[in-house]
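Presented sequentially are two complexes of chain A, the first with chain B as partner and the second with chain C.
Let's turn to the complex of A and B:
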């Protein structure tokens, strides 16, 4: 099975809403020698991008998108044993939190997983983490990077409040703060205006930029 | 909320449970049934509909508006269009059926209403799904961490086991060494016990010996008193006989009495010597010290023995006169010198005898008596100072053999020791013998005790 075949068959499976078929495609690809990173960057990420494009083209509904997201989350989760196996976790620490509700957190989690593959130690807190809890954790664990995501504009004030709270709590010693998500896609200057250090469009770019900025 | 857009709408649309909007071809809201305004808490009438849409939905709206009026449905597209509507702090999807009016001037958007609890259900399901995925992620990560910790633990355990084995080896080695040490200690104890036993034995023997010595000394002094009286009586009567107090003696009688007298004198010397010896052994030899001119004392003794020397046909003189004065007991010194000179004459067989007085390194006296006699074999030199030893002589005549008691040298040495000095002999067979007496300038305080050895 080639990577292209895997991506097409996976997309078809999630559009069909069949998690069993989707898992089967992933297993088959994995056993055919397609690595985790390729699965993430060559199957899951493009499939989800296609889902967004199909919604844009009015070919699918939000319900289809939900289903595809849910299946992909589960497909990724099935690979976690493989992902964390043998990881030394000695690399730079990244703490990630999602300013949205849960159905938008997939992109950020994908970035965390890809960084984990590259030797980072990542803590993915998901959605609905109170700001003060996040700040306390950052103060305690002193990560190199805090990554925040928001997919819709109404959640941007929350991103800004979180950034301000971290910078206030650790003056002069705050970690690198990265932001991303659909809410930042159409406004290149938004991340900087919110007080973030950097933003990225996808997992590959995020990994590259963070590697450039964080030297351990 | 704008009510200006509602009056034109038929009542049925105003009562419709969803948003109903009429847009012009540019996307301006011409009419609304008011539903959207209530939901978004903002007015939409007279504004571009795009102002309440997110950017992606704006592009979708553009796509709808760009379609030719009356154009057929895209069979691949879903019939309703989903647009994300931005409220004050929300962004929620709503589905609309796009319907163009007959003139193609107005686009009616009729919402396809759904039970809002479906949205809640979606959110809830998404939350469950995400939570599960996140939990799985954390679990997998924790599992990996635990696996690493376990591997580390196993490695440590293995290392500990290895160390333990090494320690055990060392322990066994130490145990063996310990056993060895214990064995050695036991051996030492055994040796110590043996030494103690030997020591006790020696002490016992020393005590027994002391008792025996004391008994002997007591015996000597008792016997001396008992012996002296009859000997003096014999000698007295002999003198009277020789003085012919009891009538004249025939030549034979006179010879017999003289022999008897000689024997008696010898016996008395013997008794005197034994008395001296016992006194020395008992520590009763009290010293009467005074300043003594050693050379003068030796000359005096030479004079005394001149007749004996003449009788033996031996030349006897003092050489290298050097005035040496020491504080000592002159009676004891005389006794020693007399013993040495008479021995030299007795054993020298007529060979010349020299006495030499010199000053010792400590300022004391060195007195040497040398004879040119046959000398004493090396094996005999060591025992001539023992009691009752008389060396055999080649011309072992009767008189020579019985002359002397065999105590003289022993007594002389004991006296020398009592005076704090030494008496040694050196001899070369065929050349002669030298007896050397040394005395300190003055006797040490402890001198005079019988078994006291001289300081070397």
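Let's turn to the complex of A and C:
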């Protein structure tokens, strides 16, 4: 099975809503030598982008989209035995959270997993973490990077408030703050205007930029 | 607080009221909408007005018109694929301008209009096409 075939067949399986078929495609691809990183970047990420576009074009419903998301989260979780095999190195620490009430957490989770593959130690907090609790954890655990995501504009003021809160709580010692998600696409300057240190369009770029910026 | 921050706060605090006022104004001036979309359409329209305000507010608060422009471009595509013409979205923004002006102090309204008009500006050529 080639990567293109894997992507097409995986997308067809999640559109059909068949978890069993989707898992089968992933297993087959893995046994055909397609690695974890390629599965994430060449199958899951593009498939979920296609799902978002199909919803926007009114070709699938919100229910279809949620089912596809749930299947992909489960497919990723099934690979965790592989991903976390061997105990892992104590690489740089990244704490990731979605901005406040943001509920689109799949993209950020993918970023975390791809960074894990690159030797990072990631803490993924997901959606709806209160700002003060996030700040408390950042103060206590002193990560190299805090990554925040927002898919839509209504969450942007909370991204800025979170960044401000972290910088205020740790004057001169704040971690690198990275932001991303659909709300930052097509506007390269927005991250900086909100007070972030960097942004990336996808998991590959995020991994590369963070590697450049964080030396351990 | 800046005028933009005050405007955004009011928009979100009175989201339901403003969304209802815009929806009522839409249907009042164009009764054909009810014939075309029915009661379900009116409920959807109200929800859409809420989304529009939810997306306008951060653009105004952050003084970031491109943020609203991107949403409007996205929203127009989404609505057209569901059979709603660009002119209806454009008209709803014009009516929203009236409703916001009626509720905001002049400096707050001015701050809000920068983003709102930037959104309208990309719709007008599309509506004429």
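The working rule: the second predicted complex is superposed on the first by the 209 of 216 C-alpha atoms of A that agree within 3 Å, B and C clash if a C-alpha of one lies under 4 Å from a C-alpha of the other, contacts with A are read in each partner's own complex, and residues count from 1 in each chain.
Methods note: a residue touches a chain if its C-beta (ideal position, glycine included) is under 8 Å from a C-beta of that chain, and two chains touch if they have at least 3 such contacts.
The structure displayed is predicted, hence computed values, not measured ones.
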Item to check | Partners on chain A (chain B, chain C) - clash or fit | outcome: clash
Checklist entry - Does chain B (first) or chain C (second) touch A:174, or do both, or does neither? => result neither
Checklist entry - Does the superposition put A:204 against chain B (first), chain C (second), both, or neither? => result neither
Checklist entry - Regarding the shared-chain residue A:36, is it in contact with chain B (first), chain C (second), both, or neither? => result neither
Next on the checklist: Just checking: does A:186 make contact with chain B only, chain C only, both, or neither of them? Give me first, second, both or neither.
Outcome noted: both
Item to check | Touched chain A residues, chain B compared with chain C | outcome: B
Checklist entry - After lining up the shared chain so the two structures overlap, which partner does A:109 touch, if you call chain B first and chain C second: first, second, both or neither? => result first
Item to check | Partner chain in contact with A:77 - chain B first, chain C second, else both or neither | outcome: first
Checklist entry - Of the partners chain B and chain C, which touch A:165 in the superposed model: first, second, both, neither? => result neither
Next on the checklist: Just to be sure I read the superposition right, which of the two partners does A:137 touch: chain B = first, chain C = second, or both, or neither?
Outcome noted: neither
Checklist entry - When the two structures are overlaid on chain A, which partner does A:58 contact: first (chain B), second (chain C), both, or neither? => result both
Next on the checklist: Based on the superposition described at the top, state which of 41-49, 347-355, 401-409 or 419-427 belonging to chain B clashes with chain C.
Outcome noted: 41-49
Checklist entry - Is there a shared patch on chain A that both chain B and chain C touch, and which residues make it up? => result 56-58, 152-154, 186
Next on the checklist: Applying the document's contact rule, which stretches of chain B touch chain A when the two form their complex?
Outcome noted: 54-56, 59-60, 63, 74, 76-78, 80-82, 84, 86-87, 89-91, 93, 95, 122-123, 125-127, 129-134, 136-137, 139-141, 143-145, 147-148
Checklist outcome for this item: Touching chain A in the complex, chain C uses residues 8, 54-55, 57-59, 61-62, 64, 66-68, 70-71, 74, 77-78, 81-82
Next on the checklist: List the residues on chain A that touch chain C in their complex, please.
Outcome noted: 56-58, 152-157, 160, 183, 186-187, 190, 193-194
Item to check | Of chain A, residues touching chain B in the complex | outcome: 55-63, 66, 69-70, 73-74, 76-77, 80-81, 83-89, 101-103, 105, 109, 113, 124, 126-127, 152-154, 182, 186
